[in-house]
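What follows is subunit A paired twice: with subunit B in the first complex and subunit C in the second.
Right after this comes the complex of A and B.
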C-alpha cells in the first residue's frame, strides 16, 4: 500500500475513525489499531471496538493498493504533528512508513487479518434529514445513562410513533422524548434500542443533507457523506415510559430560557456534590437558592410567570440545565404536580420535545 | 495526650457469657460456652480451661468437658448493651463506642462535678453492676492505647489506673502482643529478633523497627512503646459502611439458595441504612469459596440511593458476574453485602417511578411494620420457612 494525502484531510479522517477505537486494547490487540484500505484513489479508514465501527472514506493519490492496520493513537498523533502539506504513507513488510518533508516515521503494524470484518446489512435503506436528526440527538442523547450496570438505559429508543420517528432516552432520573413527525423510518410498532455512545458519535459527524439508515436484526448502519457508522443494537425491553408523563399539571411556570440558564449557571457554583438548587415558585417571579454546608450560599431572583400553588421544589442543577438547554425557542415551561413528582420541561413554541425530570427530595 | 489520666476504657467481661450467667443462676460459677458450632463467648470459668472465642465447638468441649453450652440469645445481648451504654452516657457525654461491649470515655474536666477519674471509674463499675447486672473492667490512663491495655490487664472484673508519669513502668514489662497492631505475624517477626517485651521495642529504636516492619508500622509501634498516642476520644464517629454476611456451609448450593441469602442480606442492610437516615452509592459483595480463598466485587451507582430494589439488583448483578470464579473455586461458603460511600439522606435525587414498587413506598411500609411488630412481622416470599438466624447485636449505625 502506498499513497499521498494532504495532512489536514488525513488528520480529520483519522480523528473521526479513531473515535470508535477501543480505549483499552482489551482481548483483541488489533482493536487498538485503525485499518487503512486503499483501492485506486480511495482510502477507507476503519476504527472499531466491536460494538461500534466507524469508517471514513477519503480521496488520496494512490500508488499501490493494499490493506494495513496502523496503531491508531500513535498514527493520529504523528500525522497531526507533521508540517502542513503532503503526507506519504507506505507499507513495507511489517512497518508503516509515514513521511512529510524532512520528517520520517516507521511504526510497527498490527496483523490486518485479525481486524473484525463488518457484515454488510441487507436491510432496506431509509433516509432522514441530517440536520433534524442532529438536533433530535442533541436533545435526547444527554438523558441516557452511562452506567454499564443498567445496559438498557445506556441506549436510546428509536420507535415508530404515528407517521414519524420517536427518540427516547432515560437514566432513570430524567427522560427525554423527541418526535420527528413525518420521518417514517420504522415499520409500525417497530422499535430498536441504539447505544447512546454510537448516537453521540453520529451527532458529531452529522451536518446538512441526508443520512441513510439501515436497520438489521442486530445492528444499525448510518451513512453520512463519506462516513459510515455501524453499531450493535441493545437487546431488551425499554422501560414503559408513557405512564410516567403526567396528563395534567396543576402548576405551570413560564420563564425565559437564557435568563434561567444564566441564573442556574451562577447559583450552581454553590451547589456542591449532591446539593440541589431549590426553586421557590410563586406569583410574579421565582427564586433560586443553593446552600452547601460549610461552604456558603447563593440566591437569585428571576422574572417569570407562574400559575399554580406556591411551592419549593429542588433539582439537581445539571439535570435541570440539561433539559432547559435542550428545548428550542426563547421561553420554556416547567410544569409540576408537587415537590416529589416528575416535572416536565417543554418549549413554549414546539410540542415535539419533552424533558421529564425527578426532583431532589430535601428535608 | 492529656497530662492527667482521664481516659477510661470500659470493657464488659465475657459479655455474652456474662449475660447468660446473669439470667440463669444455675450457670453462675460454672464454665459456660455460648454457641454450639463456633464458640462465640466463654465465661472466665471456661477460659481457665483454655477455651477461647472463635474456637471450634468440638475442641472447646474436649478442653472443658464440664462446660455448659447454651445457644446465643442475640436480642438479650442487644438489650444489655443498650443499658450499659446508657450508663456510659450518664457518666460523660464523651463516649466513643468501639463495639457493643466496649467504649472509651473521656472524664477529664469532670472532677468538680463527679470526682477524680479513678472515683468515676469505681462508680461506673458499680453502676453497671447494679443497673445492668454485668461485670465491667475499666482501665484509666492518659491515652486511649494505655487505657485499653490497662483494662485488659485488669480483667476480669477489675480496675487498673495508670497514673500520669508511671506509664513506662507499667508498659515496659508487658509482652509485645499487648501493643496495638501487633498480631501473630508482627509478633513472630519481633520474636525472631529476640524482641519480646514492650521495653525491647522501645529500646531497639525507631530506625530498626522501620527496617523490620516498614515505615508506618515501625513508627506506630515505636510511638506506642513509649506510651505516645495522640488520638482523642471521638464522639459519634460515623460509620463508613454498613454490612452483613452469612456463612453458607460447605455443601452444594443452588443458584436459588445463593439468591435467597443475598435477598436476606440486602433486605437487612438496606433496612439498617434507612434506619440510620443515610444513603449509599457503593454496593460490595464479599465472597468466600470452598478453598477458603476470598474475593470482593463492588459497583458504584451513579447516584446515591436508600431503596432496597436498586441495591438488590446491583448485588445480584455482581454475583452473576462472579459466577465463573464461584464455579472454579468449588462454590461459595460465605456471602457478605456491604454498603459504602455513605451520606446523609438530606438531599436525595428521586428516581422516575417506572415500576410502582420503586420510589420507596414499599420500603417505608416494610420498615414501619418491622418497627412496630418486630423484624419477622413481614418477610419476602422466597425467605418463607427459612431460618435466617438472629442478627448479631450491633452498635447503632
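Right after this comes the complex of A and C.
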C-alpha cells in the first residue's frame, strides 16, 4: 500500500476513525489499530472496539493498493505533528512508513488479518435530516447514563411515535425526550436501544444534508457523507418512562434561558461536594441559593414569571443547567408539582422537547 | 500453574528476532496454555511470552514453544533450580472495592430482601470447589444457593451453576435452587441464568444500607 494525502485531510479522517478505537486492545490487540484500506485513490480508515465501528473514506493519490493496520494513536499523533503539506504513507513488510518533508517515521504494523470484518447490513435504509437529528441528539444524549453497571440506561431509546421518531434517554435522575415529527424511521411499535456513546460520536460528524440509517437485528448503521458508523444495539427493556411524566403541573415558572444559565454558572461555584442549588419560587421572581458548609454561600435574584404556590425546590446544578441548555429558544419553563416530585423543563416555543428532572431533598 | 526457575536463554523467531542471553529467570506456564518469561524486575511485565493457543514441546535442556502462526520461542535451559506446579482452580475475579463483601454481609443480615420467608443457613457455605456466598432455606424449606456480585456477568452465573451441581450431591440439601444477586445483571447473564432456572435479583446497595438519598431518583 502506498499513497499521498494532505496532512489536514488525513488528520481529520484519523481523528474521526480513531474515536472508535479501543482504548486498550484487550483480548484483541489489533483493535488498538486503525485499518487502512486503499483501492485506487480511495482510502478507507476503520477504527473499532467491536461495539462501535467508524469508517471514514477519503480521496488520496493512490500509488499501490493494499490493506494495513497502523497503531491508531501513534499514527494520529505522528500525522498531526507533521508540517502542513503532503504526507506519504507506504507499507513495506511489517512496517508502515510515514513521511513528510524531512520527517520520516516507521511504525510496526498490527496483523491486518486479525481485524474484525464488518458485516454489511441488509436492512432497508431510511434517510433523516442531519441537522434535525444532530439537534435532537444534542438534547437527549446528555441524559443517558455513563454507568456500565446499568447498561440499559447507557442507551438512547429510538422509538416510533405517531408519524415520527422519538428519542429518549435517562440516567434515573433525569429524563430527556425529543420528538422528531415526520421522521418515519421505524415501524409502528418498533423501538431500539442505541448506545449513547455511538450517538454522541454520530452527533460529532453530523452537519447538514442527510444521514442514512440502516437498522439490523443487532446493529445500526448511520452513513453521513464519507463516514459510516456502525454500532451494536443494546438488548433489554427500557424503563417505562411515560409513567414518570406528571400529567399536570400546578406551578409554572417562565424565565429567560440565558439569564438562568448565567446565574446557575455563578451560583454553582458555591455548590460544592454535591450541594444542590435551591430555587425559591415566588410571584415577583426567583432566588437561587447555594450553601456549602465551611466554604460559603451564593445568592442571586432573577426576574421571572411564576404562577403557583410559593416554594423552595433544590436541584443538582449540573443536571438543571444541562436541561436548560438543551432547550431551544429564549425562554424556558420549569413546571413543578411540589419540591419532591419531578419537574419538567421545556421551551416556551416548542413542545417537541421535554427534560424531566428529579429534585434533591433538602432540609 | 507451573513455576520454573531456570538458568536459560531464549530465542524468539517470528515477526522479528529477539534473544535473551543466558540468565536465571522465572518461566510461568499457566493452565490457559500461555507461557511467559520473567526477570526479577519490570513488575508484572514478562521479557517474552506466547499467548494461547501454543504448543510446548519439552526436550532435555530445550523447550520449543510454537504458535499457530509459526512463531517460535526456543528456551535453552542450562539448569533448573525449581520446578513446582499448583492447581489454583477457578479464579473469583478482581474485586475492585469492598462493595461485594459488604453486599454479602448486608444480605446475610436480612435475607428476606431476597424473598419473604427466607432464612440464612450459613455465609460462605463450603463446597468442594469453593464456598458459595450464602446458603439459605426458602419459606418452604428448600435449599437456595445465593451468589452475590457487584456486576452480574455470565461468569458469575456459571460459577453458581457449578456450586449448585456440587450442593445437589448432598442429599440433605437436594434439590438446590439458585439466586444470582447483583447490583446490576448483564442481559446475557440474565438469559443464561433463566435458561438454567436461576432467579436474578438486582440489589439496591443504598436500600440495603438503609441510606436515604438526598438525590432522589425518577425510578
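Throughout what follows, the second predicted complex is superposed on the first by the 363 of 363 C-alpha atoms of A that agree within 3 Å, B and C clash if a C-alpha of one lies under 4 Å from a C-alpha of the other, contacts with A are read in each partner's own complex, and residues count from 1 in each chain.
Here is the rule we use: a contact is a pair of C-beta atoms (placed from the backbone, for glycine too) under 8 Å apart; a residue touches a chain by one contact, two chains touch by 3 or more.
Just so you know, these numbers come straight off a predicted model, no measurement behind them.
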Subject >> Fit or clash - subunit C, subunit B, common subunit A >> reply: clash
**OP:** Name the contact category of A:146: first (subunit B only), second (subunit C only), both, or neither.
**Re:** first
Original post:
Counting only touches as set out at the top, which of subunit B and subunit C does A:50 meet: first, second, both, neither?
Top reply: neither
**OP:** Pick one for A:316: touches subunit B only (first), subunit C only (second), both, or neither.
**Re:** both
Subject >> Touched partner set for A:172, first subunit B, second subunit C, both or neither >> reply: both
Original post:
Between subunit B (first) and subunit C (second), which does A:358 come into contact with in this model arrangement: first, second, both, or neither?
Top reply: both
Subject >> subunit B versus subunit C as contact partner of A:235, first or second or both or neither >> reply: second
Subject >> Partner chain(s) touched by A:94 [first = subunit B, second = subunit C, both, neither] >> reply: second
Original post:
Is A:244 touching the first partner subunit B, the second partner subunit C, both, or neither of them?
Top reply: both
Subject >> subunit C-contacting residues of subunit A that also contact subunit B >> reply: 149, 170, 172-175, 239, 244, 274, 276, 316, 340, 342, 356, 358-362
Subject >> Complex contacts: residues of subunit A adjacent to subunit B >> reply: 145-147, 149, 170-175, 239-241, 244, 274-276, 314, 316, 319, 340, 342, 356, 358-363
Original post:
Where on subunit C is subunit A touching in the complex?
Top reply: 15-16, 150-151, 183-184, 186-188, 212-219
Original post:
If you look only at subunit A, which of its residues touch subunit C in the complex?
Top reply: 94, 148-152, 170, 172-175, 234-236, 239, 244, 274, 276, 316, 340, 342, 356, 358-362
Original post:
Quick one: in the complex, what on subunit B touches subunit A?
Top reply: 299, 301-304, 314, 317, 343, 345-355
